[in-house]
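In what comes next, subunit A is part of two complexes: it sits with subunit B in the first one and with subunit C in the second one.
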Partner chain A sequence: MVESKQQWKAWLYLAPAIVLLMVFTVWPIVNTVRMSLLEGYSGLKAAGGATFQFGFGNFEKVIQYRRFVQCLRNTVLLCVWTVPISTFLALLIAVALNSIKPLQKALQTIFFLPYVTNSIAIGMVFAAMFNIVGSFYGTQNEIIVTAGIINNVIEFFGGKPVNWINYGSSYMANMTVMIVYIVWNALPFKILILLGGLQSINKQYYEAAKVDSAPRSRVFWRITVPLLSPMLAYVIITGFIGGFKEYTSIVGIFGEKMGPPDDAGRLNTMVGFIYDSLSANNQGRASAAALILFGIILVVTLINLQVSKKRVHY
Partner chain B sequence: MKIVLQNLTKIFPSRNKKSGEEVVAVNNFNFEIPDGKLIGLLGPSGCGKSTTLYMISGLQKPSSGRIFFGDDDVTELSTENRGIGLVFQNYALYPHMTVKQNILFPLQNLKGKDKLTKEQMLDRAQEAARLVQIDQLLDRKPSELSGGQQQRVAIARALVKMPKVLLLDEPLSNLDARLRLQTREEIRRIQKETGITTVFVTHDQEEAMSISDMIVVMKLGVVQQIGKPQEVYDDPANLFVAKFLGTPPINVFRGSVRAGQLYLGEEAVLKVSGAPDGDVDVGIRPEGFLLDPQGPLSCSPLNVEVMGRDVSVVSTHPASENPMVRSIINADSGADISSGTVRYSIKPHKLFLFDRESGKRIPFEVKQHG
Partner chain C sequence: MTQKSMSVMHDRDLGKTSARQKAGKALVYFGIYAFLILMALIVLFPFYWMLISSVKSLEEYRLSTPTLWPRMILLGNYAEAFTTAALGRLFVNTLIVGVVSTILSLVITVLTAFAFARLEFKGKELLFAALLATMMIPGELFTITNYSTVTTFGWINTYTVLIVPFLVSVFYIYLLRQNFLQIPNELYLAAKVDGTSDWKYLWKVMVPLSLPTLISITILKMMGAWNSYIWPRLVANDEAHRLITNGLRNAFTDTTGDVNYPVQMAAVALVSLPLFLVFVFLRKYIMSGVSRSGIKG
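Coming up: the complex of A and B.
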């Protein structure tokens, strides 16, 4: 009697959350699966009374798309480069921050600032930094002026300015900019998590290591890293998931064209592909691409978890 | 390796900057720890015994004074280079390593001429594990071990590199009563087998007395007395040491010396010479009472606790500083102590006189039984 009443109450309290989750999470997932299985599904056409054939045609088309393969390659490349680099850098910075006492809070804040800054805004700043717009080629005195600070620095050290993102830039240069930008953008969150993890490690392990005469590098690899491994696993797994959803960072630097002016879409990603399909009013294709992306993230995460089972010490 | 502590002092700056009060954790500690002995640092919490241990280990730097290992001044030497083994109070075993990896860890850090091959390391680890009898547990993680087993692993890890000095910080405090008894025997056995100069810290006087070659009693950073356990027990330097050592604790009475007679309250219990007239504190060990119908000390018994071999008589006396007077009497005496008054005579060598003000021991000689 009491129990059933309690249950009724519990459902009542849960109702608002359940309703919201149903409308904004569960139904969209179900609907995505439905749309992906209707060949060439378009909301507009459906409203006009068109019917669509049931089948895997959307998936076949997506995979055959040359653009899709390019998007997939860009996404995977960005993940493979940025996640290890940013994790390692974040680890070094966190360890350094943890070992200094004065100014720790101030430095922590500085390193955390990018996290609270809009990524489009950061992208625009990066675009300006890597820019060569404003350069003068072949004026009377043959002066070459580069406007971007990165090229200024390169020139200062006697290097040749690189066409990072402008007309005629190379794919390599574009990707380098993207990797630098994404790594920088990913650092604050990772530093925060790892610093928290470091501060929760019992200091006595380090005293014990001193007694055991362990050199610093050995303390780092044999004690700090293993004891931090749960946080590292978390940071790497969420890093990969975030990496596969990369989109805004490209927009931030290259704009909606997703590439340098002469090769629009060169740096497009999976999520970019999904948006493109949506704006082309092809929800069927977009849904199929979204499910493929979901599948990839699922597989990568499962691999991550499998690896971490052996390497992570909880 | 003998350890010499010379004027060793540790001052902690005040936490509260405004008041600026410093805490003197260890005050002018002088002691030469003989080679190959087991030394117990003993005292109530906050007496500076752990700080002393950590200064010997190098994890804490003394504010002043010097530390020598043998003839070498190690005061400025970092922990890494002191070649000590330290067992932490909560063991600090690396949780992600197996027992074997934990024990191997110090060996893998050896450099230069001390460097060992993999086989040598494994042999040494096996040997250390056998010494503390955990060779069955080498592939377990610390979390899969009991407290006592973890403690042995910690000792094995400290011993495996054959340190010149072994330091133990409250090594038994995390163990249950039975394990504690067993482990302290074990520590004694291991120390004897290895002959490593060992210093251990404890607040448990029984623990310190039972296994140490020498004990150092400390209070508020100041050394009270250093000596062999039995000597310190039989010949305490002051009231604090007398009270701190012994279970059940010593009975303290308000007494006075008048014209060669020691009075407890109004009862003249002993004829003494050499002690000046005046008020004194009188300490009498529980085993210092003898049932004696003609005895000078009369107490009102409250109850009798039978302990098998002995009986413990709990009684009251008007001059006692504690609410109870506890005496331990041979059960064979067969006396009926259920009610009324019980009379005792005192074994003079179990009775100590202390200065009321300073607590210092007042020497005296017994003339005859009062």
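Coming up: the complex of A and C.
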């Protein structure tokens, strides 16, 4: 009697969450799989009474689509560059922060600052820093009004200005800007986690190393990195998951065009592709792409977990 | 060589090495500080550039050799930014959505976390595991269907569409459940003996004891509303309901070329300001919430 009363009460507490989850989480999962398997499914056409054939046509079409391959390449490239760079830099900064006493708190606060920002807003600042005012097409008789602060710094050190994001800029220059911005954005979270990990390492290991007068580099690779490996695995996995969902940082710098003025969509990503398909009222294609994205994230996470099982010391 | 002279030599050797060690150590520390300060300057530079550009005149901004400190501080840019982007309206919209969704979300999170932490019911473990599994799925997968769902409900261009679909966060439920589980059983049993109802116990004992976690959730949720872009752009892109991030991007569509950067930077600074204030005063809660999540916003 009491037992069933508590059952009933528990479901009452859960009711609001369950109802919302049913509508906005469970149903979308089912429906996305359904739409992805109906060839060329479109909500608009479905409302008009059209029927769709069951099959894997959406997946085939998505994979063959040139735009999709480009989006996939952009996303993978961004991941492959930004995750190792930001992890390595964050590790260096965290270790350095952990080894000092004066100014530690102040510097820690500064390094966390980029986390509390709006990625569209600060993307606009980065765009301003890389932007060239004037004409810059790599030809003679160019008028450069302002080369942008980054180019000013490059010129100060004797380099040549680069067309980073303007009309006629190269793919490599665009990607470099994106990598710089994404790394800048990714650092605070990684530093926070890694520093937390470092501070929880037992000091006795270091004292033992001191007694053996082990060199600094060996202490780093043999003590710090292995003991930090669970945190490193964590920031790498979340880094990859975040990297595969990259979208707003590109909107921040390049705007909705997702590319320089002369080549819109050049820097589009997987998520961007899904939204483009959705705006084009092609829900079948959007669903297939979303499931592919999910599959990639799942595989990458599993690989990471597998690798860390072998390498991570708990 | 006598024993004495040997020991003197030994001492001198020791003195030498320790002096060298000291010098080496100082050099290492100098290197560490130099590296950290250089990195800190790189991290801070965009903020500095945003602030000084926002008070320059367009002429000064367009100088081929940039000034590192504005010659004249022009606050008019801020007024212009405020009207160009209609920031007032955007602030109000975002505040309404942020406050309402935070309150409702907190209530739902508290109720759900309590059921999972304190109450017994069939299939509890299985249901919780299923909830956690949904965290793996990228949000875009839900968006596709949710877009048609809210269209069917007739919610397009309303506040409801910005609030309701995101009220339940599995991550917040998880966070709060962990916190609830740490509250000792004895407290619950004592309350039961006193005849306190579950409902009263939850709000009078558990919620006050979990205040730091609830504050973390509040801040992250508010920041989420402030920074959300994709969903608001998709479903509420009209004047009356547009949120701040979307409004900012909308007002300044050109990122490259000869645009009025000082005004644009002033708008960016205005949008960033509330986030900085939250950061300055509530850093502790943000950092503790974030270190357990890995989710931005």
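Simple rule for what comes next: the second predicted complex is superposed on the first by the 298 of 314 C-alpha atoms of A that agree within 3 Å, B and C clash if a C-alpha of one lies under 4 Å from a C-alpha of the other, contacts with A are read in each partner's own complex, and residues count from 1 in each chain.
Convention: a contact is a pair of C-beta atoms (placed from the backbone, for glycine too) under 8 Å apart; a residue touches a chain by one contact, two chains touch by 3 or more.
Bear in mind the structure is a predicted one, so any value in this text is a computation, not a measurement.
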So, does A:Tyr171 touch the first partner subunit B, the second partner subunit C, both, or neither?
neither
Look at A:Phe52 in the shared chain and tell me whether it touches subunit B only, subunit C only, both, or neither; answer first, second, both or neither.
neither
Of subunit B and subunit C, which one touches more residues of subunit A?
C
Of the two partner chains, subunit B (first) and subunit C (second), which one does A:Tyr65 touch, if any: first, second, both, or neither?
neither
Which partner does A:Phe220 contact after superposing on A: first (subunit B), second (subunit C), both, neither?
neither
Give the list of subunit A residues in touch with subunit B in this complex.
202, 204-205, 207-208, 210-215, 218, 222-223, 226-227, 229, 313
Could you list, by residue number, the parts of subunit C that touch subunit A in their complex?
28-29, 32-33, 35-37, 39-40, 42-44, 46-47, 49-50, 53, 61-66, 107-108, 111-112, 114-115, 119-122, 124, 131, 134, 136-149, 164-168, 173, 198, 223, 226-227, 229-230, 234, 245, 248-249, 252-258, 261, 264-265, 268, 271-272, 275-276, 278-279, 283, 286-287, 290-291, 294, 296
If you look only at subunit B, which of its residues touch subunit A in the complex?
57-59, 78-81, 83-86, 88, 90, 92-97, 105-106, 108-110, 157-158, 161
In their shared complex, at which residues does subunit A touch subunit C?
6-7, 9-11, 13-14, 16-17, 20-21, 23-25, 27-29, 31-32, 35, 43, 89, 92-93, 96-97, 99-100, 103, 107, 109-122, 124-129, 131, 133-134, 144-147, 149, 152, 165-167, 184, 187, 189, 192-193, 196, 216, 234, 238, 242, 244-245, 247-248, 251-256, 260-261, 271, 274-275, 278, 283, 286-287, 290-291, 293-294, 297-298, 301
